[in-house]
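Have a look at these structures, which come just after this line.
Two complexes follow with chain A in common, the first pairing it with chain B and the second with chain C.
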Partner chain A sequence: MVEKGCANLFTRSQKHINDNPKLPPIVNGRAKYNLESGKYLKIWQGPQHPGITGNMSLELTVCGDEIVDCKTHVGYLHRGFEKLMERRKYMQCFPIVCRIAVPEPDFNEYLFAATVEELAGIEAPERALWIRTLNLEMARLASFFMWLGGQSGSFGMNTQGQWTVTMRDYILDRFEELSGGRIYHMYMIPGGVRADLPSGFENRLLDTLKTCEKCLDDVELTMFNNSIFKKRSKGLGIIHPDIVDEFGITGPNARAAGFKRDLRKDEPYLKYDQLDFEIITGIDSDAYTRARVRLQEMYQSIDLIRQILAKMPKTGSFFTKLPNVLHWNIPEGQIYKKAECTRGEYGYYLRSDGSDKPRRIYVRGPSYTHAVSLMERLCIGGNISDTAGLMVSLHTYPPEVER
Partner chain B sequence: MNIELYKNLENSFGVTSLEVKNRNQSYIRVKKEMAVPLITHLKLVESYKHLSFFTIIDQIEKGEFELLYMLHSYSRNHDLGIIVSIERHETDMESIHHLWPAAETYQRELREMFGVEFPDSPGLYENFCLEGWEGIPPMRREFDTKRYSEDTFYKRPGRETNDPAKYMKEKIYPSEAETW
Partner chain C sequence: MSLKDLVAPFMVWGRALQKPYTQKNPIITRPGADRYRGFHVNDIHKCVGCGTCEEICQNEAIDLVPVDGIETKHGDSGLRPKIDYGRCCWCALCVDICPTSSLGMSNEYIWIDSNPEVFRFIPGAENKTWDNSKKGYRRGEGYDLLEGQRVPMPMLSFEESQKTFIEMVQGFSREQALREADRCVSCGLCIATCPAHMDVPGYINAIRNDDMEEGLRIVYEANPLPASCGRVCSHACEDVCVMKHKGDALSIRWLKRYIVDRIYKGDYEKILSTGEAKNGKKVAIIGSGPGGLAAAYYLSLLGYEVTVYDSNEKAGGMIRYGIPEYRLPYEQVDKDIDYIKSLGVKIVQNTKIGEDLDFMELYNNNNAVFFSTGLKDPYGLDIPGEEFPGVTSGLSLLDDVTIGKTPDLGKSVVVVGGGNVAMDAARTSRRLNCEVTILYRRRIEDMPADVEEIHESQEEGCIIETQAIPLRIVKGDKTRLKLYWGRAEMVTDPKGGRPRPVLIEGSEEVIECDTVIPAIGQQADYSFLPEEIVNNIKFNRGMVEVNEYKQTGDLKIFAGGDIVNFKKDAISAIANGHSAAKGIDLYLNQL
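Take a look at the complex of A and B:
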């Protein structure tokens, strides 16, 4: 049975259970216990809780402060985006898609635009592709800053969170200049981007990057060398390399387990094939290694933005004229497009039936597996005080589970 | 997808309708009975180890659901979509949770949203997004979101709404609006 094999690969929980005979045995990946015995207590973490990455909840069963069972509950943010889009014209879907991910809406915008362009046979101009690449890297940096604040906060270090959220705000200022919006940008439209870079934007962005880099140095000194952070995160939530494919784990969570996988390198989209960067990996696959991998990716992202600004054409068209978007029928067909977001493989599947509305749009968010099936198993055997840190270290995000 | 692999699968599992999108992406169709054997073969023998996603497309006009299993092979660097058609009124499908433990979440969601059953899948009848839902599963094509919201919620008094299509025509294409 594959399932039993998988359960055994959660080495930390198995070790705990062997060490402590009071804990219930694990059968088919689930703890077997009797709630009536008085030994166990059921508590809820979330849906509104500072240790939860958004509105979702964990139903925890504890024995003392050890977690013996965990169930993820989602649905608090279900707005039915996929269904909504089936009843709207393609252009009306465009302002909806960015709402699926608050920290980095740009990946939704890009992927939606890319799927529609592919089926409609439209090519975005060269400069638009560069601007999109720039936009995605800025989003990556902003999202990682938000994560960094959450990760430090969940281990009791609130100062770094204040710094990193400020840095994110500086990047949001640049987004506001670029698109007019701070959180939802609605910038990458099918056919290109909505507007050109404002004058002097490059220099202001470079200044922001300098500030961000300085902040990252400080965070590395004060957080990654902090003995409390090290002690609590090392050995926490180890993802065994053998379960990476079983659970569809992608992104930094897989790279921290030693997998050299990055869609920007493996299947280069936009202009990533013209940029110089290496895939960052780790070995230990625990919360600390995942944090290290993400920190290095932040430095890498800063470097990529500088490369993009140096290499992108300074002039040129940024938009291809579309047909009348109110009567825009997309030819029949299907396509799956994916991109490497901060959490892993983000994908859009589009099926068109030849009409002016999509037949089906499916959004594949990396948290779908990270936050539900993986989190439920990784939690078991851990300490209740580490749950928040573990959850943030998987970088889960509920709206992409519910869509 | 290379032709050799497709020929092999055609002989062994009766796959049809190869659709090559580009160097990294193809789609094939297979009959319901052969779907899980085919997926098992692809995972264990042909290195399609990653289940990117699993979803359903409702083809109400044909009276069928199209199940789409999107597999990815890291060594081939290739996405393979496997499409399986099932009747809309016979909504039982074999589960794949023994191949990917993460698949149980997909199956739980699909049962709730489309009403397709996957016998033996763990936690299949637990609520996923919807709590205490009654009526037809909401992602089916015949479920009318507008009527549902009109029946369930009430309108705030004194509030006017515009027809979005008409409003957009007037705002975006004022010169062309008269000709439509």
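Take a look at the complex of A and C:
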């Protein structure tokens, strides 16, 4: 008998997993099964697989179509951004950070700018803070639309994906006119933002929101009332509340387990303290509940954008002059700043040694926990046909795992 | 399954009638947004090849390359950015930082070619359809990564300044200097233009690092008279500073002064290199102006035994005897000179070559001779009445003030001329309580004096009368003089030269004054050179002809300063002295 170590013993200690008689027994903290017994099969899902949210892979051991072990592999997308930044002047890091989370670059831009500003003692003007808040909610909406298409697609529903990806594109149209780029906006720069809102932008954005809202209504009807979706997603990938803090699970994944946690509320940054909204939570903590929480957060985002447009000052400066960025030395110090992205807590740690280049930038993306360790844990005992749906339901971005 | 689940799909049937979302590209093209960051555009006639775009690009996508039809000239490297689209990430930081705003991006985003080489392209030089596109990303109002405005220099007010010889410019504080130094983009266009090719970005960087000692070392690499030059240099560098395109040039001259002001004379020795061991060879230098002193300094570092001869009581030449104290205090000239002397350079004062000592004696007793004897003989006005006692010259007025004589100018003075000497004479006269009128033949914009000088002289109460040609001087009451002058009209030169002032026949005006001070230029006096030497040296319109090492037709003799260069300023004289030192070293080592 070949002894095969389960990657994460401590997750297997969970009671409801342990009680599953189909899973191999755990001996000395390791799953014990004989790969050559003919009973088990090892298959790889990824790194190129539509059921994986990007370039990573799952090494699955199955018994029939049941998953008995899962090991996550990353490393297919490592670009070394954190290291690259140590060799670049601060302003030269600005075009890099957006690349850390492709579908949602803005949180990187915001957090990079905010950490640099704080260490340098620079304050972005009021209007810039509002525009940043707007930008982040637009990003949230766009990112969720992409996720929504993935979630429906991974359960075999291909129609909603066509709609939602289009909605995302409409929002990207707005991003394009705002920032000059569709995917990598490179708009929130240390000091503020790079340009004012283009004229007529607010109205076009409101129109886009209307279209998006209509689409969400239709998705709600056809996806959340679809009995196949319900059947497959309910009870799938339950994140037991006990492991939420153990794993460091945040965002909708935690909120769907009943945790009323949202940095926008708990530690308000930018202008969130001036916006009216409630934290959305769920109870069942399964894929379905997570999808519901996200859907509601999309409506909430639309509402927040409308509030922002109504409340933000209509004129005023949007950029605070920086020292010459070609030789901008940031005072020695360290700082960690965080924001609530679509997937949970996004954090930037910046350490400066007083020179013109960051000594260390560490990016904490929620996908690290959700895609690497949580996925390993949730897969076990599930059906192989549900892995894609499960993975999407955790809403993870491999590029953010591999900074 | 609930009823809602059953009917839900039918509730969105309306979608079946909707137009498709996708566009039929390429039948329908979709232009990028107005701010889209598409292919680059560059107005290559506005671009000056400063390379700041290259500097900021974190992908190293930009190289500066020569481009057909673009010449290197002062303020323009002659190079233009070439962008490698295999590296570019479309961040547009290059556009944001471009000091001339020549660089931008069009909203064009489709470019198909089977040859990958074409995607390393020079915006603006390859006739692209988007070259003249007004749409696309440009740095907009309210956002700027560079500072266009210079830090104002604290100065005496004009009310105060016109009454005193105290230095007018007070110098930067540390905070001001740091702020000003921060504006530099280190493009180095200034280095190319500075006659001495001083490493300006280098010493500005030292200021930013608050390392004055390093700053001083860099400054002394090309200029051993920085306390003086930091105050009075003609600063050609500032004319080409790329930041001028955004507003104000860097205050390069004041920053240099800041470094020197922050270091005590006594500390120089510790900071600067004292050079090589003595090599036993001797060089004689005639003239202790900037040319002579610079040659002496660099020769001494190279190990030569240097003796400088000067007819004046003190060293410095025109920067002491010409430039007035309110612009350049004597102790600052001393600061520069004392350090040069401390290296063992001997300066023999009150010794006029040709009178007190024979040129040939120097020639025979030294391995080489360098002369930088300047321009001492003022040009006359060449009008009747010039010989009257109340008529002097700018140079002699300034000379008198330097040696401590108080010249009797009376109450009102007319200065004739439009150069810096005229401005100095006029402003010095103001400080001696005179009413001052400046007569100049051409228009104010034609004046060779520095713009600041013209402005400051006016602010101090000098009246400038332009297009005015002096005709004759007649004696008035007692010691008064009457200067008759005629109006000039500017006649354009058919050959495209600068317009000429031509007297309008019959126009005539008169000014009464106590003193007339012509300051229209000066010439050299070569009478100290014996004939056999003069025969070997070539002269051209009053100037000595030299090669790039300032060597004359007599290989043992080198010359520099105002008698050699056209710019006729201190820094050019210094640069000449430096090249001559290198030339002499080369020449003597080849022997």
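Just so we're on the same page, the second predicted complex is superposed on the first by the 375 of 403 C-alpha atoms of A that agree within 3 Å, B and C clash if a C-alpha of one lies under 4 Å from a C-alpha of the other, contacts with A are read in each partner's own complex, and residues count from 1 in each chain.
We adopt the following convention: a contact is a pair of C-beta atoms (placed from the backbone, for glycine too) under 8 Å apart; a residue touches a chain by one contact, two chains touch by 3 or more.
Everything numeric in this text was worked out from a predicted model, so none of it was measured.
Student: Clash or fit: chain B against chain C, after overlaying the two structures on chain A?
Tutor: Superposition result for chain B and chain C: clash.
Student: First (chain B), second (chain C), both or neither: which does A:324 touch?
Tutor: both
Student: Look at A:345 in the shared chain and tell me whether it touches chain B only, chain C only, both, or neither; answer first, second, both or neither.
Tutor: A:345 sits against chain B, while chain C stays out of touch.
Student: Could you tell me if A:181 is touching chain B, chain C, both of them or neither one (first, second, both, neither)?
Tutor: second
Student: Return first, second, both or neither, reflecting whether A:157 touches chain B, chain C, both chains, or no partner chain.
Tutor: neither
Student: Would you sort A:166 into first (chain B), second (chain C), both or neither based on which partner it touches?
Tutor: In the superposition, A:166 touches chain C alone.
Student: Considering only the touch criterion stated at the top, classify A:122 as touching first (chain B), second (chain C), both, or neither.
Tutor: neither
Student: Looking at A:261, would you say it contacts chain B, chain C, both, or neither? Reply first, second, both or neither.
Tutor: first
Student: Which partner does A:374 reach: the first (chain B), the second (chain C), both, or neither?
Tutor: A:374: touches chain B, not chain C.
Student: Would you sort A:222 into first (chain B), second (chain C), both or neither based on which partner it touches?
Tutor: Once the two structures are laid over each other on A, A:222 reaches chain C alone.
Student: In the superposed arrangement, what residues of chain A touch both chain B and chain C?
Tutor: 92, 324, 326
Student: Note which residues of chain A are touching chain B in the complex, please.
Tutor: Against chain B, chain A makes touches at 1-3, 6, 28-29, 73-75, 78, 80, 82-84, 86-87, 92, 245-248, 250, 261, 266-267, 324, 326, 334-336, 338, 345, 347, 349, 351, 359-360, 362, 364, 368-369, 372-374, 377, 402.
Student: Give the list of chain A residues in touch with chain C in this complex.
Tutor: 88-89, 91-96, 162-163, 166, 169, 173, 176-181, 184, 186, 192, 194-196, 198, 218, 221-222, 225-227, 230, 317-319, 321-327
Student: Could you pull out which chain C residues touch chain A in their complex?
Tutor: These residues of chain C touch chain A: 1-2, 4-5, 8-9, 11-12, 15, 21, 32-37, 52, 55-56, 58-59, 89-93, 96-97, 105, 137, 140, 142-147, 182-186, 205, 208.
Student: Show me the residue ranges of chain B that touch chain A in the complex, using the header's touch definition.
Tutor: 19, 21, 24-25, 27, 49-53, 55, 57-58, 68, 70, 74, 77, 79, 81, 97-102, 104-106, 122, 127-131, 138-139, 141, 143, 145-146, 164-165, 168-169, 172-173, 176
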